[in-house]
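Sharing a structure, written as structure tokens. Questions coming.
Think of it as A, B, C and D in the order they're written, each chain with its own count starting at 1.
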């Protein structure tokens, strides 16, 4: 017996709609849950004062600073390296066995659990290079961790730039570098920004690799060689050691809101950039 | 019989939001003839073509008024089965668009959608359709090869075969040769002339010469209006409207 | 017949290989200055390969190598000492699909001049105006030069591309690769009209699938087939009494 | 691949052949009226003339349509232009038969002037030229076309002969002047039929070889019609 197309169509709409509703509900539930638990604990004092008594009381200002500085440092290191590599791989080399191996390698790297990066960072930067637990060790480790993502997304974004744009540029007498600068990168920017956002997201949320390399000191860092604690590490410690559930939720809420803000800022910047170019 | 209009369009208005894309357009499509729509870009010829199987429904903000009768029945009447309509009025697109499946599965696609399970019957129809599209001899030994590996004109003829398999009455073609070279174009044109013995064909083309070569009736459109519609030989040797005259003789703007 | 026209480009037994495959099999052809040369032939005939060899865009394709010579004003463009970037500024190209770069109309046109180091705003504005006028686009876009080029219609985009080529001050030769294949007859007519005026200043080579287009605008026509040049001569001869049967079959649509 | 356009060209050839066959019969009948003094064939000639006129219009329309709709080039273009020219020549040579018939009608009112020798021969040659020139045209046979050109010289010679002979009659006997003049005109019409056939042959050479052989034009131009 064959079900008439009319009914299969109706059934499909129902099932697909249900899947969408379920996903949205779960997402909203998590956000509402965390925010409802955490928002009451957030106020100016919580945000801008130092923690007291291991975080049982007081604010989270140093961890806020750590959360801004560490991913920033990671991206500052990973972005030029990653985009540079992506440009080199796509624009300056031909597809060979070597580039394939390289791509396979970066893909594998992207899938490695972060704890391994943490261990590597700990052994290499903290111990071998005697840098100790500090912002720089953490930044370098996170940079290595997000590098594959940035390379891969940038590469895809660069590859997605129509070849016809390059041809036009070459045919107007541009060198390869001029073409990359004026045509390829501007058009790949949305994709690259997506990669960077993923990278920032991953490093903001990272705990394992951070504890091993940046430490968990609850002080304001004075230099790149000071240990810092990020919000996620702070949240992890508060929750795991049962220090203060209330403060843990408040921290989580701030974390979610800041991730949201970072994303919004990045996308609005990008849209303004695109709009300016295509008036 | 065959001279009765299969499709009869009258006073057709179409709006894209605020934009008035078709203005009181009339058209009579005769059965088993080729009707060509010509005119500059943006004149509404593709839009008109797409109203004939309600492909415009897929675009939001489109409003249609006037009537389009397919064998006497209004295809925009409420309760019309749009899927059935599109089976009766098939379409070939500008760029060949075979599915990334084998040649065989491409042709059998519509049959399977229609629920035909009998393998033998499917095989028969695939063979018949490929023959009608002049592909059988070249492709009969590689039916399992991917359709995407075929040269463009064979891909386009495969799209025609895929259409023929579901036995449409009318075939709409939206610039079917614009992606093809002259040799491939000639093959598609010959195929169309062959197909008109059994099917009614409406073609939109940028290429005036193509309309001249193959069509029996032509309509010249400009800014959403049907300026002139009539026998092709008349349109190209002694058009009645000055604007048609200018267009077919290459004096524009 | 070339005697009265100076030779701008000369190909001598020119061959292009893509990997093992020989895409051009020894083309010898003199292209006169200030004329339009139409190049016709079925797909795979090598006409586009030939065109792209003239500004060395073929270099970009992997595993391509060449044999023989292409002389531009007597100089071998494939000689190691010949600067490719300069070559491409002298030999501009218009592609089959209009490719407006995703930037404003103004920036599209000055893309080439900026690369050549033109910075003076007034000078750039002049270039934009003259180039857009020469491409028959000025009247349609003069009030919205800051609008993105991508928002123009296909026919306008192709004329924008033509203006962008014309903006290059070093330009001597214009290569066109089926420039009207996606355009309606009106846009096509505008491009053709522009070409017949531009030939006074430039050497034009037009690859086209549309034999009628070659018949309409080209002064000379060359017929390519499977990597060979079958016949080359005045356009009216190719379209009325070609020497080669294959040429006759092609221009009468009897091929294949 | 059998092209639709080629079918149209075939049809065009067929119609030209039909028209030339018709013209040939007209010439034969017209000469019959003169030589055999057969009045009965005359209405048929007039009838065919109308048919030929009709066919001429049709063939012209076909040529116009093929040019407008298919924009032919090279060989096809030359063929269609050639067909239009051959069409005009055929119509004119059919008209010559009418002229002959008109002379026959006035000749029939008087007794014969002399036994016919040269005029039947001329008619034979002219008919052959018409048939062969058309055959050469539709079959692209340049050798046959060239051979037709040569036959025209024989026709011209015969016309000179008969002119001389008839002049003698006229100087000798003034009563014969009217009849002799009529016969002279008949020979002139036959000679013109030959000229039309010659033109068709020249068109054939142009269509096939792309060279214009009229007025020794081949020295000046390679591809002008």
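Definition applied: a residue touches a chain if its C-beta (ideal position, glycine included) is under 8 Å from a C-beta of that chain, and two chains touch if they have at least 3 such contacts.
Computed from a predicted structure; not experimentally measured.
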Task: Partner chains that subunit C and subunit D have in common - done: B
- [ ] Name whichever of B-D and A-C has more C-beta pairs touching across its two chains.
- [x] A-C
Task: For subunit A paired with subunit B, centre-to-centre distance based on mean C-alpha positions, whole Å - done: 50
- [ ] Could you please state the distance in Å, as a whole number, between where the Cα atoms of subunit A are centred and where those of subunit D are centred?
- [x] 92
- [ ] Mind pulling the residue numbers of subunit C that touch at least two other chains?
- [x] 211-212, 253, 256
- [ ] Give the residues of subunit B that touch two or more other chains, as numbers and ranges in rising order.
- [x] 186-187, 209
Task: subunit C to subunit A touching residues, read off their complex - done: 55, 57, 60, 62, 85-86, 88-89, 92-93, 95, 97, 99, 101-104, 111-112, 115-116, 146-148, 150-151, 161, 164-165, 168, 170
Task: subunit C residues within the subunit D interface of the complex - done: 211-212, 215, 236-242, 247-248, 251-254, 256
Task: Touching residues (chain side subunit C, partner subunit B) in the complex - done: 42-43, 153-155, 181-187, 189-190, 209-212, 250, 253, 255-256
Open item on the list: Applying the document's contact rule, which stretches of subunit D touch subunit C when the two form their complex?
Closed with: 1, 3, 5-6, 71-78, 209-211, 222-223
Open item on the list: Residue numbers of subunit B touching subunit D in their complex, please.
Closed with: 186-187, 189-190, 193, 209, 212-214, 232-233, 236-237
